[in-house]
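Two complexes come next, and they have one chain in common, chain A, joined by chain B in the first and chain C in the second.
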Partner chain A sequence: MLIKLAGATVYDPANNIDGEIRDIYIRDDKIVATPQTGETIHQTYALDGKIVMAGAIDLHTHIGGGKVNIARTMLPEDQRGSARARTELTRSGGGHAAPSTLSAGYRYAEMGYTSCFEPAILPVNARQAHMEMADTPMLDTGGYAMLGNDDLLLQLIAEGAEQQTINDYVGWILKATQCIGIKVVNPGGISAFKFNQRALDVDDLHSHYQISPRDIVRKLSRALNELSVPHPLHVHASNLGVPGNYRSTLATMDAAEGFPIHLTHIQFHSYGTEGDRHFSSAAADIAEAVNSRTNISIDVGQVMFGQTVTVSGDVMAQHANHRHAHPNKWTCMDIECDAGCGVVPFRYRDKNFVNALQWAIGLELFLMVDDPWRIFLTTDHPNGAPFTSYPHLIRLLMERSFRNDLLSQINPDAAAASHLQSLDREYSLYEIAIMTRAAPARILGMTDRGQLGPGAMADITVYHPGGDPEQMFERPMLVFKAGQPIVEEGRISQPVAGKTQVIRPEFDEDIEKRIKPWFDRYQTTAMENFIISDDEMAEGIGSPINIHPCRQSS
Partner chain B sequence: MWNESIEQKINSVTCPGCGLSCDDLSITFAGEQLLSLENGCEKARSFYETALKSSDPTPIVDGSPASLDQALASCTTRLAQSNSPLFAGLATDVNGMRGILELGDLCGATLDHLNGDAMFRNLRVLQDNGWFTTTFSEVRNRADLVVLIGKQWFDGFPRLVERVLNPQDALFVEAGQRKIVLLGPWSPDSLPEDLASINPLLIPMENESIPDAIALLRSLIADKPVPPTRLGEQTGELLIGLASQLQQANYSVISWSAAEFDVPHAELSILGFVELAKTLNEKCRSAALPLAGTLADITSNQVTTWQLGYPLRTRLQRGYPEHDPILNRWQGLIARGESDLLLWTSSLSPLTPPPDSEIPTIVLGHPGMSFKTPPSVYIPVGIPGIDHHGHWYRSDAVCPLPLSKLRRSKLPSVADIANLLSRQLLTASGVSERGVRC
Partner chain C sequence: MSMPTLKLRAPLNRRIDMSPFIPELIADKSADEIARIPVWLGNRQVDTGELFEISGNPSEVLLIQSESDKLDMIGAAMKQGSILVEGNAGAYLGCAMAGGEIRVTGDTGTAAGCAMRAGDLAVEGNAGDFLGGALTGERQGMRGGRISVQGDSGDRAGDLMRRGTILIGGNTGDYCASRMVAGTIIAIGQCGRHTGTAMRRGTLITSNKPASLPATFNSNGIHSLSFLTLLRQQVATLAGFSGLTEMGVEVERWVGDLSCDGKGEILIWQS
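Take a look at the complex of A and B:
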């Protein structure tokens, strides 16, 4: 099957194509070079005037796993009013902030997304996360395994284990949990909270292990680098949401000692203590640090106004915030000497000083960080807002007048405390394509995604131009997944299932001699049942794996 | 391959006998007979012996033996004609539940688990209030004070003492340092041996007094002026002591099995247990440990929640999910005549047949199941963890564990049957393109 997408305006930053009129050819599931003259083209789409990008990639979205299911269970009201009826082609479901898996898959595809990554997979809960993502249709998925609060790693670090041992453990976890990256959430803090510590700054010591978050970040970022895993350590830094936490964020950047790290939902970590209310934007300090250190990448975790639910592995922070729950109910959980989770529903209000400033801080970060290859468009779905607000967010970035109109409507003290009014930058379509396609593919090491060159997977989104960017990104004209049209004019036209994207660094399998006795002595599950095999992924869980290559050693 | 090789001795087997889901069983076979079972409790032994005795009976349609194809055709007709099918029982594995939900979406079914009453005593607290919970390995390694409420947990979760309350090794609690408190209808004379061996503190009372006792504890911890002797002087003193211990513990745990509290508005009692743990966390550490999971209530509810966005007791009749934890109770739907077809799925135990009712009934049942009155259609299905691989949630809803295939079997799984029925219904309605899993 050979398909031609003819005459579209192409934005493909991975191949330095900025709005050029091109033809794209698809053979089966891949993009191919212009075929030889005379070859039969089975189908041609005349796309004159249309805009073409690779399928979008969300590198940080909570779409699967135990904490999301707790949110669904706790919030029947989130489902009411946003039901999605079954059609001849699609299943029923619904939900706004914590959608059902099926609805999440359909809605992402309808917005032109073709790959999504769950950023907080508890290793003991990995099977569930993959089962939920297997039931999230239309998308390729993947996840980052959470380490750095598991008692085994903390004990290894406390004992002064060799870096090689840490590396082997990290490699083993990636394989056993079928993940593509490693995340650390409030390094050591989730565990410290189990010992009744209520805060753990970067150089504070965990009361039992006598190690600091700095130690954990250093060990893990180095491990991923030495294992040649493309995605740097994905860090949810210490002191989430605490005024003055930008200092912890800068200290976390230092803790990596030059190894690559990715600081996630950095908006929640960019707060100062200035002003009468002792809450201020430190976006400028953070942006300056990101601009000057090339080992750092970030995603924003933009806040949007309205009802959502916050779901996080950071039990320490979530418990501290439970008084802000709206509606007034919340759940926390300590989990299996592995980590934990907290689920707190929340309503961001534009007339509230703190919420309005959070909104402005996120936008300041977007506009003050220079390199779109190192900043990613996220709302930390659903923590800052549901992913369905992405088209609105893109308009805020692309249209200064629209942004300033909204700025004039928020809490006036917050507007006055923000630099946003003075920031003239407007993102181009090329930069949006970098942030939502080319850069996430590159930072995850997926050389065959996020681009439209020959050999790439034919994950492609076609947009109608005209109107404002929100309208354009809300409802693509066409979406192709692996060469197949799956969305036409914003509606699902062909349901498909995706695969799980994983990475497999080399490590010494003898590490199991350390891990198995740990399971036998302390855990209530067997190591053999913790490990998820490739066959189990394909036949039992229902999402076959696709292994991406590690970085070439430099 | 995941679905093929079968050894004579299988280690690290997950037992779906109760919500503890111990996965340290070793099973040895001679042919297909169980030769030995290491690490299992009596419940496990009974589960495996019953399962392995059951062979592969033929399906039954309208009281007569039938082929599988005939049975499926009969089911398809009945499902296509039903205006308000009820899918209940739901004792199956993850893939069984995935199949049931796909079929339920096509048919507009209402869904509830056979033990939905017990499960919703907990879930309604989670829906209205949230909670602070913990898991087995945390309790095993960390808890220095465990308060077990009621009594039935002891028979319901036979290895809880060995695996969680009194393990050989623990990371943060010294042997002998852990205090166990039994609050419920216990007496010192009737304490089972392995429970007596961990030297628990008894606070004896009937289950009816438990909500009062918990309220008293919460009041004491909150420094409210309450008469502690309201439940008797001796009990009052014990509760004062417990309130103090809870505030001094490094990590206390409040545990119960909701199945035991079969009284109206038991969710209000459970709210008290949950609030006790939540309040303690303002200053010290504590967590709740609800015990559940038996007959796959947690399993079927987890899959339903992620696929529909709502937990069980959800109906799909109007083409989209609508949840009501009271109106969609299966017993009520049958009693009120609001369903015209019952699909009863019960693959784990022969002892949970469908209820006697006037409604035409399809049973996807354990191969050892027998009936006083034969249902309209009976399709014997494979037992998860015996006849086919699968996934199964234990009590704490965090660890889905793999179930092994222990024998070569001709029995189709619940997933197989549900998927075949979905395809037949789609074909009958002229839709062939729909992805069954997506």
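Take a look at the complex of A and C:
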């Protein structure tokens, strides 16, 4: 089957194509070079004047795993309030802030997304998380395993274990949990919370293990680098949401000691203490640090106004924020000594000083970080806002006048405290394509997607130009997944299932001699049952794996 | 009969959602128009006319004739007008209703009057569990209005109730007034076990000592409460509750549940 997409305007930053008119050919599930003359083209789409990009990739969205399910059960009104009726092709679902698996998959595809990554898989919850993601239709998925608050790693670091041992443990976790990266959430802080510490800054010591978040970040970022895992350590830094936390964020950047790290939802970590209310934007300091350190990448975690629910492994931060729960119900819990989980529903209000400034800080970061290859478009779904607000966010980045109109409607003190008014930058379609396609694929080491060159997976989104960017990105004309048209005019036309994207670094299997006794002594699960095999992924869980290559050692 | 009338043609094997048939949505519709309204029958939609014989002229009063217990959500979210059910109603009768009145001549299923905010809901037969309770997962149940049941109610009558009045002429099941936040329940018959469990505030008035009370309730002694004169005058006018005029003002007052706020009271008439 050979398909031709004819005459579209192509934005493909991975191949330096910036709005050129090109033909794209799809053979089966791959993009191919222009075929030889005389070859039969089975189907041609005339796309004159349409805009073509690779399928979008969300590298940080909470779509599976224990905490999302807790949010779903905690908020039945969220399900009731946004029901999605079944159609001939699609099944019913619901939910706005914490959508059901089916709703999430369909809506992502309807917005032109083809791959999504769950950033916080507790190793002990990995099976459940992969099952939920397997139940999320239309998308390829993957996850980052959470380390850095699990007792075994903290114990290893406290004992002064060799870096090689840490590396083997990290490699083993990636394989056992079928993940593509490693995330650390409030390094050591979730564990410290259980020892009654209510704050843990980068150089504070965990009262039991006597190690600091800095030690954990250094060990883990180095481990991933030495294992040649493409995605750098995915860091949810210390002191989330605390005024003045930008200092901890800068200290975390330093803790990597030059190894690559990715700082996630950095908007929540860019707060100063200036002004009458002792809450201010430190976006300029953070942006400057990101611009000057090439080992750092970030995603923003933009806040949007409205009802949502915050789900996080960071029990320390969630416990501190539980008084703001809206509606007034929340939970914080330990999960099998692996880490924790906190779910706090929240409504961001545009007339509230803090919320309005959070909104402005996120946009300041987008506009002040120069390199779109190192900043990613996220709302930390659903923590800053549900992912369905992405088209609105893209319009905020692309249209200065629209941005300033909204700026004039938010809390006036917050508007006055922000530099946003003075930032002229408007993102181009090429830059949007970088931050939503090419860059996430590159930083996750997925050479087969996020681009439209020959050999790439045929994950392609076609947009109608004209109208404002929000309308354009909300409702693509066509979405292809592995060469099949799955969405036509913003409606699902062909339901499909995705695969799980994983990475397999080499490590010494002997590490199991250290891990197994720990499972036998402390865990409720046997090590053999904890491990998820490739066969189980394909047959039991129903999402076969796709192994991406490790970085070539340079 | 001139009011719009929906008469169920045949017994149902699936539950149906009756929430489209509230006075404000159909008051100006002819019988033909009503017949074309789609309703969910299990997981598929059919025209109302396939399930019901429809007659009558547009009006603010709606008559539903059905012996089925599968007609759910009758009068859900209604704000005005009235619905008369000749026969039985299913689950979620008057769910989240905010005004108007509903009268059912037969029995009703589970969660009647749940999340109700205002209006008048009268059941001449028996009610199921969670009478005046909360929508699943919500923290407060009935928040206003009046429910009267001439027969018995199931378990958990007034669960999470926040405001309003519930009158039950017969007996109640277990856990009556459980998790009650505020409001008034008058249960004339016999209340079941664990009455008042986790009751924070609110008042339950009953003629007999419940089958059991939690250990976290304490007797506060016998009192003469003159407000009972006013209360019985007001509710004795309701069909089926005229017997209340016989009741005195002397009650034994039990206070609890001390496992939570402990400001709830159970008043037991001394006759």
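The criterion applied here is as follows: the second predicted complex is superposed on the first by the 554 of 554 C-alpha atoms of A that agree within 3 Å, B and C clash if a C-alpha of one lies under 4 Å from a C-alpha of the other, contacts with A are read in each partner's own complex, and residues count from 1 in each chain.
The rule is simple: a contact is a pair of C-beta atoms (placed from the backbone, for glycine too) under 8 Å apart; a residue touches a chain by one contact, two chains touch by 3 or more.
These figures come from a predicted structure and were not determined experimentally.
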Partner chain(s) touched by A:Glu162 [first = chain B, second = chain C, both, neither]: neither
Touch count on chain A, higher of chain B and chain C: B
First, second, both or neither for A:Asp276, with chain B first and chain C second: neither
Touching partner for A:Val496 - first (chain B), second (chain C), both, neither: first
First (chain B), second (chain C), both or neither touched by A:Gly66: first
Which superposed partner A:Val343 touches (first chain B, second chain C, both, neither): first
Touching partner for A:Thr525 - first (chain B), second (chain C), both, neither: first
Doubly contacted chain A residues - partners chain C and chain B: 73-74, 76, 86, 329
Residues of chain A that touch chain C when the two form their complex: 73-77, 80, 86, 327-329
Of all residues in chain A, those that touch chain B in their complex: 64, 66, 68-70, 72-74, 76, 78-79, 83-86, 88-95, 98-103, 105, 122, 124-125, 127-128, 131-132, 134-135, 137-138, 151, 193-196, 208, 319, 325, 329-338, 343, 494-497, 521-526, 528-529, 533, 535-536, 538-542
Footprint of chain A on chain C - complex, ascending: 43, 135-139
Chain B to chain A touching residues, read off their complex: 1-3, 11-12, 14, 23-24, 94-95, 98, 102, 105-106, 123, 126-138, 140-142, 163-164, 168-172, 250-251, 281, 284-285, 287, 302-303, 305-311, 316, 318-323, 389-391, 397-402, 431, 433-435, 437-438
